[in-house]
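What follows is a pair of complexes built around subunit A, which joins subunit B in one and subunit C in the other.
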Partner chain A sequence: MTPVAARTLLAVLALFALAGPLVWPEHAVQDLSRFLEPPSLAEPLGRDPLGRSVVARLAHATQLSLLMAVLCVATALLVGTLAGIVAAWRGGWVDTVLHGLSEAFIALPALLVVLIFSALANGDLWTLYIGLALAQWVEYFRMVRSRSGLVLAGPAVEAAWMLKLGPAHVLRRHLWPELRPLLATMATFGIGSSILALSTLGFVGVGIRPPTPELGLMLTEAFPYYHEAPWMSLAPVLVLTTILIGLLSLRRKEVRP
Partner chain B sequence: MSMRLTHLAVRHTDTPLVEVSDLHFEPGRPVTIVGESGSGKSLLAHAIMGTLAAELTASGNLTMDGQSYDLADRANRRRLWGRAMSLLPQEPGLALDPTMRAREQVAEGAGSFTTDRRAARRSAGTLLASLGLGQASAAFPHALSGGMAQRVAFAAATIGDAPVLIADEPSKGLDQQARAELAKLLKRHVDAGGSLLTITHDLDLARELAGDVLVMKDAHIVERGPARRVLTEPAHPYTRRLLAAEPANWTRPCAHAGAPADAGEPLISGEGLAKAFAGQQLFSDLSLTIRAGERVSLSGPSGSGKTTLGNVLLRLLPPDTGYVHHAEALHGGRLQKLYQDPAVAFPSRILLRDSFGDVIRRHRLEPGRLGKLMASLRLAPDLLHRMPGQVSGGELQRLAIIRSMLLEPALVFADEPTSRLDLITQQETLSCLMDQADRQQCALVLVTHDDALADAVTRRRIPLGPAENAIDRVKTAG
Partner chain C sequence: MNASTTTPRSPAAPALRILRQRAVQAAAVVVLVSTACFAIVQSLPGDIAFRIAAGRYGYDQVTAASADTVRAELGLDRPAWQQLLDWLGELLALDLGTSLVTGTSVAGELGLYLSSSLQLAAAALALALAGGATVGALAGARPGGILDRITTLWVSAARALPPFLLGLVLILFFSVHLGVLPAAGHGEAGNIVLPAATLAVGLSGLFARVTRDTVVQIRRSEYVRFAATKGLGERLVFLRHVLRNTGVTLLSYVGVQLLILIEGVVVVESLFAWPGLGHSLVHAIFWRDIPMIQATALALALLVVALNTVVDLGALALDPRPRRREVVL
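Up next is the complex of A and B:
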């Protein structure tokens, strides 16, 4: 898929996530008389076993997933990048401490970190956010630290110091152009994996608590009825697949000058 | 095996890059092509091998052993590689596989590699040992010096016993001793009945190889003949210019300008300096002073610690013992350094315009000075709209000179600034550097492995050598 097609696909999804909850606001209203209603023009995805609108739940779930993923990745990227640059720049004990910390996080499986945090306060959004961000900052830290170390030790930066150009110049002209393409690639992958992690947690029942709609949770809820209402389980799968394909096709080849 | 090229032409869209009507190679008689960068001499080698870049087109005919090959078809000579003809690539440090030990990668070229690996490894080991690399055969390329890497690449290129050997700039970045060894190897190949085509801008190498010399300029061969005649009584004006560009023949009146030693105030003084690297003592108990307006060179073979001493003097590296004092006059960016490879001295993903803009803004310089300096160093203003990687080595080094001169330095430290440039570009670049240094009366420290260059440019020489005698030599010189 070309990057243009991927961008269009993601834009459609983002529109669904942003405008969907406004068009179908009532994701929690139950109407048991409309138990497992098949799709119609008013209800494009029918109703679930509790008579709730599936399209409304899907729109809210997509919004939640995207927002959480973007927030987690932004936090992890910011923390990881800053820590990586500081470690590479200062070296010495700062580097030792930060590197040791990252090593400790690498030793733990990422999902375990998230699980520990969500166990602290069962299914609260903020614990999931902190857990996911904590699990992800390490890779940004390690990439940024090693790449910055190379750049900062190179002759171009040495020349910049001798020309007394100052740290702002080194950050803006040497580090940032080198890190930007790398971070962009990592962030697109990171958003994808956060969305997957979030729905994995929902699917196994330790993520967001019902009745908040969430893609993984919707899958679990729809499973017993896959025979009577296959569209209910297919809809969240389709959203997940589209997001992932869109994100993966978005990245361009990293070009070295 | 004799080889004949007829009507060879290499084009990029419609621009001819190489046009040679007839070239003949005979076993036992080396052919050397000399000329400046961009004259098309490397393309000639790649056209013969069939390794031209995809956007270039070749035409012509190659006859070898009675067999005729159309040069337009890249693939038809592939089965000759390593068996009938082989290429000794530029920059062996980059051409060798960094993840393989020397012997393993040499063994891959052996004829028996696919059938009997052990025999291939054994013959690779014998070949490396005969090149004096017995110890290094288990080393990875990063642990080899430039000269050793060149010998490993030579072993890889010749293990298949190809009678035709094409060497592309084999002496680039090598010091005199390594170059002499290389010449010996190439001559050994010729004496064993092989054909040799060497492409170089190094006239000393051409002299040592003897045989025939072809002088190439702007895609054409302008002069050809026996090396002895062409390189002593050149007929073509371009050949004469090429010979005049050799540092030993420089006749610049200001080549020996600069303040005499002991006249100016001391800028850098080092006392009792010592530095060891990876268990090897590079220098010890070394004391020296560099004074205002002086021209000093640090010379010695590669690996003798010239660059390290330079970095210690610039206080970029701490010495193991002793201390370095910098005078007040060097503060505030008035101590500058030029690098061997200017491409790595500029931020690689930034337009040159922005790199220079930062210097001008930071130091509140008058923006017009950059344009004036560029004009006086004969650089087109639109070079600034390119990335560093899109500018040729000579031009970029001149831009680096401008960048260092913008701050009106009291001392410029030039670390092999021209060792990767051809003779004419070297002369141009260095005369720009000397002019600027004269005009701003700044001291110049030149690191070089080329003694002739050191003599042509500087008054005082600080020779560094193999650790033991370095101290004496420095003492007598200082």
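Up next is the complex of A and C:
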């Protein structure tokens, strides 16, 4: 898929996440007489076993996933980048402590961190948010630390210091241009893996609590009715794979031997 | 550059260095996970002294006085950091405690979980390596060929399908529609097929890609061209030069993928009800069985460290050239 197509796909999905909840606002209203209603024009995805509108739940779930993922990645990126720059800049014990901490985190699978953190409170949104951000800051930290170390020791920065251009200049003119493209790539992947982790947790049953709609949770709820209403299971799968394929195709085609 | 890299060292020195680094990492992991579990205990609602008193004397006998006795006796009124030190001390004495749900010793159950998780991970890794590396090597032999293009497609597909979706698809196809393989269970030979395949498909795509790129790169290298020039047959060049050098890259790549494998183990075990570490971790979190959370989380984390150590040592054995700076991932 070309990056243009991927961007269009993601834009459509973002539109669904932003406008969907406004078009179908009532995701929690039950109407048991409309149990497992098949799709129609008014209800493009029918109704679930509790008579709730599936498309409304899907729109809310997509919105939640995207917002959470962007928020988690933004936090992890900010914390990881700042810590990485500080570690590379200051060196000494600051670097030792931060690097030691990252050594421990890098050995922990991200899902494990989120799982332990979600045990602190029962699927509250904020624990998932902190857990996901905590699981991801290490990647940014390690990349930024090693890159900044190289840049800061390089002749260009040395010259900048001798010209007394100040730390703001070094940060803006030397570090940032070097880090930005890498951070952008990592963030796109990070958003994808955050959405995945969130839905995985929901699917396993330790993530967001019902009745809040969430992609993985919807899948678990819909799966027992696969024979009667396959569209209910397929809709969240479609949203998830669309997001992932879109994000994976975003980056420019790498040169392959 | 420091002096130690330039002076000749005994052949065991790099191995020792790896072991030392990994041991430090393991210790850091233990402290981190254990402290997190302690924080969970502290954050639980209700007064733990009342809970313990209720357990000892029965719910109708609990008074503020008996709770105070318990608190004084167990030192629950001390500052949190002292209790944390105690907590870590118990762990250091290898006392994992008893499960709050089943009442049995955690260490005993952990062994069972660990062995079934290892079984699953090993089966998946073997499948992924056999499938991925073979396809990758074949694709790399003819860059741009049909097999190469199919591989590229497969790699993207495997990446876009998270393990739990893939598992569902496999269950739907093989268990629901065809009915040839069991969807869940443990103990019979057929049970391991679907969970291992689910894990393997995700990993094999990545392995295939790395193998392919490495093979292409190595085939263009000077030493391979020299080997061909000196008259070695294509098969021999492949076996002697291409394969071993691919192995080095692939092995270090396996190390990076271990995190994904362990994460996948957690998900796939829950999906297929495979009684391993991940499955029991998820259940322990569900029931707030803290000794069990701690034990399974520690086992999973230490498993990553241990497997990484094996990968490091293996890479060192395959490629003993000294490295200026080992990348620890």
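To be clear about the criterion, the second predicted complex is superposed on the first by the 252 of 257 C-alpha atoms of A that agree within 3 Å, B and C clash if a C-alpha of one lies under 4 Å from a C-alpha of the other, contacts with A are read in each partner's own complex, and residues count from 1 in each chain.
Everything below uses one rule, namely that a contact is a pair of C-beta atoms (placed from the backbone, for glycine too) under 8 Å apart; a residue touches a chain by one contact, two chains touch by 3 or more.
Predicted, not measured: the structure shown is a model, and the values here were computed from it.
Trainee: Taking the superposition on A as described, I'd like to know which of subunit B and subunit C A:H99 touches: first, second, both or neither.
Mentor: In the superposition, A:H99 contacts neither subunit B nor subunit C.
Trainee: By residue count, which of the two partners contacts subunit A more extensively, subunit B or subunit C?
Mentor: C
Trainee: Once chain A of both complexes is superposed, is A:R209 in touch with subunit B (first), subunit C (second), both, or neither?
Mentor: So A:R209 meets neither subunit B nor subunit C here.
Trainee: Across the two complexes, find the residues of subunit A that touch subunit B and also touch subunit C.
Mentor: 257
Trainee: Quick one: which bits of subunit B touch subunit A in the complex? Just the residue numbers, please.
Mentor: Going through subunit B, the ones touching subunit A are 314, 316, 332-333, 335-337, 339, 341, 344-350, 354-355, 358-359, 362-363, 387-389, 403-404, 407.
Trainee: Under the definition above, what is the set of subunit A residues touching subunit B in their complex?
Mentor: Going by the criterion above, the answer is residues 154-156, 158-160, 162-166, 169, 173-174, 177-178, 257.
Trainee: Over in the complex, which subunit C residues touch subunit A? Could you list them?
Mentor: 24-26, 28-29, 31-33, 36-37, 39-40, 43, 143, 156, 159-165, 168, 172, 176, 213, 216-217, 220, 259-260, 262-263, 266-267, 270-271, 281-282, 285-286, 288, 293, 297, 300-301, 304-305, 308, 328-329
Trainee: Using the touch rule from the top, collect the residues of subunit A that touch subunit C in their complex.
Mentor: The touching residues are 100-101, 103-112, 115-121, 196, 199-200, 203-206, 216, 219, 223, 226, 233, 237, 240-241, 244-245, 248, 256-257.
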